[in-house]
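Each of the next two complexes has subunit A plus one more chain, namely subunit B in the first and subunit C in the second.
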Partner chain A sequence: MSAIKAMALASIREATRMRALHIVLVFAVVAIAAVRVFEAYSPGEEAKFIIDTGINLIRLFGLLSGLMLGAMLIPTEIERKTIHVILSKPVTRGQFLVGKFLGASAVVVGSALVMGAVFLAVYFHRFHASGFNVDVLKATLVVPFELMLFMAIVTFASTFSSQIFVIIFAVSAWILGHVNDFLGILKGSALTTGILHVVGAIIPHFDMFDLTRPLMMGDPVATELVWKPIVYALGWVAVILSFGYLVFNEREF
Partner chain B sequence: MGFKKRAQRWLAGVLLLGCLVGLQSFHDHISRRRGDLRAAQPWEPYATGPEGIKTEALKLPIEELTGLVFGGLIAGFRHQAANITYWRMQRYWEDGHWPRVLGMLKLTCFLDPHFQAAWSMLGWHQAYNLSAEMDKQTFPPIPPERYVSDGMKSYERGLDYNPGSYMLYEDAAWTAFDKAGDMRIATEFLEKALLTWDPEPDVTKKGPLVYTRMLGHAGEKALDMEAALEAYQRVLRMDPDDSVGIGATFTIRERYLPAIRAAERGDIDRAIRLLTEVQWRRPGDPFVPGLLARIYEKAKKDKGAALAAWERSGREWRQKVARAEAYRLMAELGRLDDLGPLVADSQVDVRKLYEYVVWQMNPGGMGVLINIRLGPDGKTISDPRVEDGQVVRIDPSPDPMGRVASLPPGTARWFLNGVLIAEDNTSPYTCTLPLEPYRGSEMDKLLLKVDFVPDGGGRVLWDVVDLVPSWVKPKTEGRPGGPGMPQKMQMPGMPGPGGPAAPPSPSGGGQSH
Partner chain C sequence: MSTASAAPQPVVTCVGLTKTYRLALGHELTALSGLNLEVMPREIFGIVGPNGSGKTTTLKLLLGLIFPTAGYCTVLGHHPRSPQGKESIGFMPEGPFFYQHLNGQEVIEFFGQLCGMPKALLRERTETLLSLVGMSARRRVVMSQCSKGMVQRIGLAAAMVNDPSLIMMDEPTSGLDPIGTREIKDLILELREQGKTVLLCSHLLEQVQEICDRVAILHRGELLRVGRVEDILAPVDDTEVVVGGASAEFLAQCKEMGIRIDTAKRDPTLVVPPSVPLFDLIQAIQKDGARLVAVNRFRETLETVFLRSVAAVGQTDSVRGEHD
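Up next, the complex of A and B:
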C-alpha cells in the first residue's frame, strides 16, 4: 500500500511541476468565471446557458488536463528508462500502475473540484435570489468521476502505446462514449447494428454523467442519478485497470 | 509461459469480460432510470427516418458542419453548437435560401431539442414560408398543405420536449387557426397556452387576453357561437373595456343567437328567416351562410340548399371549414364532378383592399364599404347599380356601443378611395358620389367609407346595420340567390343575396372585430 501511495505522490509532485497544467487550470478558472459575460447570447435562457457552459467547461478542461498528464504517465517513464529503476525496487507492476493512475486522477479530480467551486460560486452569485439549488451541486459532483473514468482509459492506453496513440485512443473512446446512445438509434444493416452494439458494450457510456437536462427543464435531479453513475464509473475503473494490468504485466521493456 | 500462468490469465480475462457484461446491464438499468426521470439528453426527432438528420445534413454545404458543431455534439456543448447553427440559419434567412434554412433549423432542433425559439421558427418556416413558395420550386410540386402539416408536426414535436412552452402552444394555435383552418386543434392549443402562460417572458403581458380573444374567433369560425360568446365573456371579465370583446358579444347576441335559439326551440322557419335577414342587411357577414347551411342540412334535411350555402361561404370567405363541408355534401349528393374552384379572385381582392386600405385607415372600425365595378367598356357602371351624382343618405340611429369618436357630434364624413369627399353635419346626412373622375380609368373598384357620430352622444355609430344607402336600387332581374331566401323578404334598399358581397364590416365577426 505504501508503494502505491509513494507512486501516487510522485505522480502528483511531477504534475505540480508541469507549467502547462497550471496554465490550463488558470485559463479554465478564468473562462468559467467569465461565463456570465456571454449569457446575453441566450436571452431568457441565462440559467440554461450558465449551467450548460459551466459544467461543460469543467468537463473540457478536465479532459485536456487528463490528456496532458496521461500522455506522459507511463510512456515518458519508458522513454526515459526510469521505469527500470522503479521496477527494480520493491514495487510490483500492479502497484506502479495503480499508483500512477491514482496520482494522475487526484490531480485531474482536484482541478475539477477547483473549477467546480468557481462554477458554483458564479452560478449562485447570479441566481442567489432563488436560493441554494442542490441539484446544480449534484450535476457538478459527477463530473470528477467522469474524469476519473477517463483517466483510467488513459492509463490503460499508456500501458501499451506511445504518447500520440494514447491521446488518439483516449479521445476516440471519449467521443464514442458520448455518442454511444446516438449510434444505438441509427438504423443500418444487421452487421452495422451488431458492430455498434459491441462498441457500445466495450466503451463506457460517458453520457451517464450528464445531468444538465433536468436542470434545464426545471426538473429535480434524483439522487440515484448521482450515485449510480459514480458506482458505474468505479466499476469501469476497476475493470479497465485490471485489463491494463494484464497488458502491462506481459510487456517487455 | 507455463500452463498455470496462461490459465490464470485466461481466467482473469473471462472474469473481466463477465464484469463488462455486468456493467453493461448496470448501464442499461441507469439508462432506463435516466429515461424515466427525463435526465437523458434526447437525440430525436431527426436522428432517424427517411427525412432524418442524415438527409438534412447531406443537403448542407460542408463548411456548415464545422468542427465546432461536431465538438458540441460529442463533448456535450450541444446548446452552444445549436446557437451557432441558429445564427447560420439567420444568415440564410436573410438571403431567402429556404431549403438551407430548413436544414439548419432541423440541425438546431436536433442539437438542442430544448431550444424553443428554434422549434417555433421551424414550424413557422414550414407552415408559412415553404408552403407559400416551395410548391412552385419543386417538381412534382409539393402541395402547400403538406408543409403546413409538417409545420404543425414540428410544433407538436417541439412541445414534446418543451411541454411548458406557452410560446410554442401560441404558435401552434395560430398556425392551426390561420393556416391549417383547424379550429378544434387551435382551441386545444389555445387552452394549453392559457394554462402554461408565464408572465415573466411575455413582454406584452397580455397573453391570456389575446389567447381568449382567439378562442372566441376560433369558436366563431367553427360556427360554435355559444363557445365563442363564452370566450368573449371571459375576455370581458379580464378587461371590461376590451373593444373586441364588447363588439363580438354584441354581434353574436344580435345576429346569431336569436336564430340559434329559434332553431333550438324547433322554430326552424323563424331561424332561417332571422339569418336571412342578417344576410340581406349584411351580405358581408362571413358566418351566416355556414349557420344557414347547418340548419338546412340538420333541421330541414335539405342538402342541396346546405351545399349552396357552404359553397357561397367557401367562395366568398375562403373558409376551409366551408370548403370541406361543401366537398362532403357534394360527395354525398354525387356531384363531385361539378366541383370547380371555390375562390373568386375579385372577392379576394376586395377583401385585401379592405384590410389594407380601409381597415388601416380607421382601425377603430367604423364604416361601410361598397364595391363598385365598372362595366366591360370601362365607362358604364354595371354593378351595384349606382349612377354618377346620385345621393347617398344615412339616417342617424342610437349609438349601441358607446365607442369614443374623433368626430364632432352630429357629423358624417365620406371617404372615397381614402380621400375625404364630403362632410355633413345636418340631418339627414347626405353625400353626392363623384364618380365621373373614375369613369374610363382602369380602376374597377371604388371604396366608400362613412364615418358618423350622432348628435348628443359624441360617440361613433360604429354599427352600420341601420345605415341603408338609399341609392342602392332593389334588384329586379333574377340572379342566383342564396338558398331558401324567400322573395317576399326582398326589401327595397337592400342588395339582393346574390349581389356583390361586401367585405366584412368592422363589427362583423371573426378577425374583423
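Up next, the complex of A and C:
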C-alpha cells in the first residue's frame, strides 16, 4: 500500500511542478471565464451557450493535460531508467502501474475540479436570478470520471508503447468512444457490422458522460444519468488497468 | 537453523544464465550465454568487459527487469522477481536520471517511501546518506540542474536508502571526472567496510582492478575468466624497457631473443623475460644508437589479461575454422 501511495504522491509532485501544465490550466480558466464575453453571439440562448462551451472546455483541457501527463507516465520512466531503480526496490509492477495511474488521475481530476468550480461560478453568477439549476452541477460532476477513464486508457497504452503512440492510441480510443453509439446503428455488410460491434464492445462509450445534450433540450437530468456513467467509468478503469497489468508484467525493460 | 554455517551461502547465483534478444526481421542476438557465477557475501565483485559484452544484461536479469531465455539466477536466495529479495537490494543504473522536478532530498525520500520506511527513520537515514555521498549542502538542487556527478551521488544514496546488503552498480564511474571517480571508488570501499556485498559492472578495466576482490571477464556474452584479481594478474618477472629510435634490425634481433615488443605506445616497449640478461640488452641498445627511455618492472593489468584472453579465444576459433 505504501508503495502505491509513494508512487502516486511522487507523480503528483512531479506533475504539479510541470510548467506546461500550469500554462494549460491558466489558459483553461481564462477561456472558461471568457465564455461570458461571447454569450452575446447567441442571443436568447445564453444559458445553452455557456453550458455547452463551458463543459466542453473542461473536457478538452482535461484531455489535453491528461495527454501531457500520460505521455510522460511510463515511457519517460523507462527512457530515464527511473523504472529500473523503482523495480529494484520491493515494489511490484502492479503497484507501480496503479500508483502511476492514481497520481496522474489525481492531477487531471484536480484540474478538472478547479475548472469546474470556475465554470459553475461563472454560470451561477450569470443566472443566479433564475435559481440554482442542479442539473448543471450534475453535468459538471461526471466530467472528472470521464477523464479518469481516459487516464486508464492512457496508462494502458503507456505499458507497451512510446510517447507518440500513447497519444495516438488514447485520442483514437476517445474519439471512437464518442461515436460509438453512432457506429452501432450503421448498417453495412455482415463483416462491417461485425467489426463495428466488436469496436463497440471493446471501447468504452464516452458519450455517456456528455450530459449537455439533455441539458440543451431543457430536459431534467435524471439521477440515473449521473450514477450510471460514474459506475461505468470505475468498472472500465478496473478492467483496463487489469489488462494493463497483464501486459506490463511480461514486459522487459 | 543448521549448524553447518561454515560455508557461506552465495549472495548471487547464476546457473547457465542465457539471454537472447529478439531483434527485428527475425534476427536474434545472444547477449549472454550460459553464465555460471557466484558472488559471495562481503566481496566487491566486478563484471568487466568491453561495451556490448553483456554486463548490463546480466544485472537486468538479476533484477528481474528482463527474463532469461535459459538458465536461472537467484539473488539473496530469492527469485529475481520476488519482492522479498528486493528488500535488501540496492541498484544504481548507468547514467540514472530521476524525476526532473524533484530535488535530491526528495528523490532519496521517495525511494525510502517506496520501501515503506517509517517517516522518522527515513528522515534520519536521508541525513546520513546525504552526508555520506557529500550532498548535504546541495540537497535542495532539483535534478534537472544537477551535474552528472551529483545525479550519480543521489543515485547511490537512493540505491542505499533501505540499507541493502547487496548493492549493484552499472558503470558507477561512467561520465565522472577523476575526482568524482576517486570519490565513488572510496564510497564503494567504504561499503565493503560496512559489510555490504557490491556487484559492479564496468568497461573501465583499470578502474575496477583497483577496488574489486574478484572479477569476471565477459566477452560477447561469454565468460572468459573469473577469479581473484591477484590470481588473474599473476605476478610476472618481466621487465619493461622503453627505447627510442631503435632500428628495425635491432627490434628483429630482440624478437629472436624472445622479447615481446609492444608498439602501441609512442616509443616501442620491450617486454623482457627474466631469461634475457638486462645488462646485455642495455648494451645492445647503446650499440644500436637507440635511446634508453625507461626501465620498469612489468605490471600486468586487467586490460592486458583481457586482450590476451580475447586473442586466445580468437585463436581457438580460427583453429576450429581450419578443421571444419
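Please note the rule applied: the second predicted complex is superposed on the first by the 253 of 253 C-alpha atoms of A that agree within 3 Å, B and C clash if a C-alpha of one lies under 4 Å from a C-alpha of the other, contacts with A are read in each partner's own complex, and residues count from 1 in each chain.
Note that in this section contacts are C-beta pairs under 8 Å (C-beta built on N, C-alpha and C of every residue); 3 or more make two chains touch, one makes a residue touch a chain.
Just so we're clear, the structure is a prediction, and the values are computed from it rather than from any experiment.
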Clash-or-fit label for the pair subunit B, subunit C on subunit A: fit
First (subunit B), second (subunit C), both or neither touched by A:106: neither
First (subunit B), second (subunit C), both or neither touched by A:12: neither
First, second, both or neither for A:89, with subunit B first and subunit C second: second
Of subunit C and subunit B, partner touching more subunit A residues: B
Contacts of A:78 with subunit B and subunit C, given as first, second, both or neither: neither
For subunit A as apex, the angle formed with subunit B and subunit C - C-alpha centres, to the nearest 10 degrees: 150
Touching partner for A:114 - first (subunit B), second (subunit C), both, neither: neither
Subunit B versus subunit C as contact partner of A:221, first or second or both or neither: first
Least C-alpha distance (whole Å) that remains between subunit C and subunit B when both complexes are overlaid: 10
In the complex, subunit B residues that touch subunit A: 9, 12-13, 16, 19-24, 26-27, 29-31, 33-34, 37-44, 47-48, 73-80, 83, 114, 164, 201
Residues of subunit C defined as touching subunit A within the complex: 60, 63-67, 83-84, 86-87, 89-102, 106, 110-111, 113-116, 155, 158-159, 162, 168
In the complex, subunit A residues that touch subunit B: 41-42, 44, 48-49, 52-53, 55-56, 59-60, 63, 174-175, 178-179, 181-182, 185-187, 200-202, 204-205, 207-208, 210-214, 216-219, 221-222, 224-225, 228-229, 231-232, 235-236, 238-239, 242-243, 246
Residues of subunit A that touch subunit C when the two form their complex: 2-3, 5-7, 9-10, 13-14, 17-18, 80-82, 84-92, 252-253
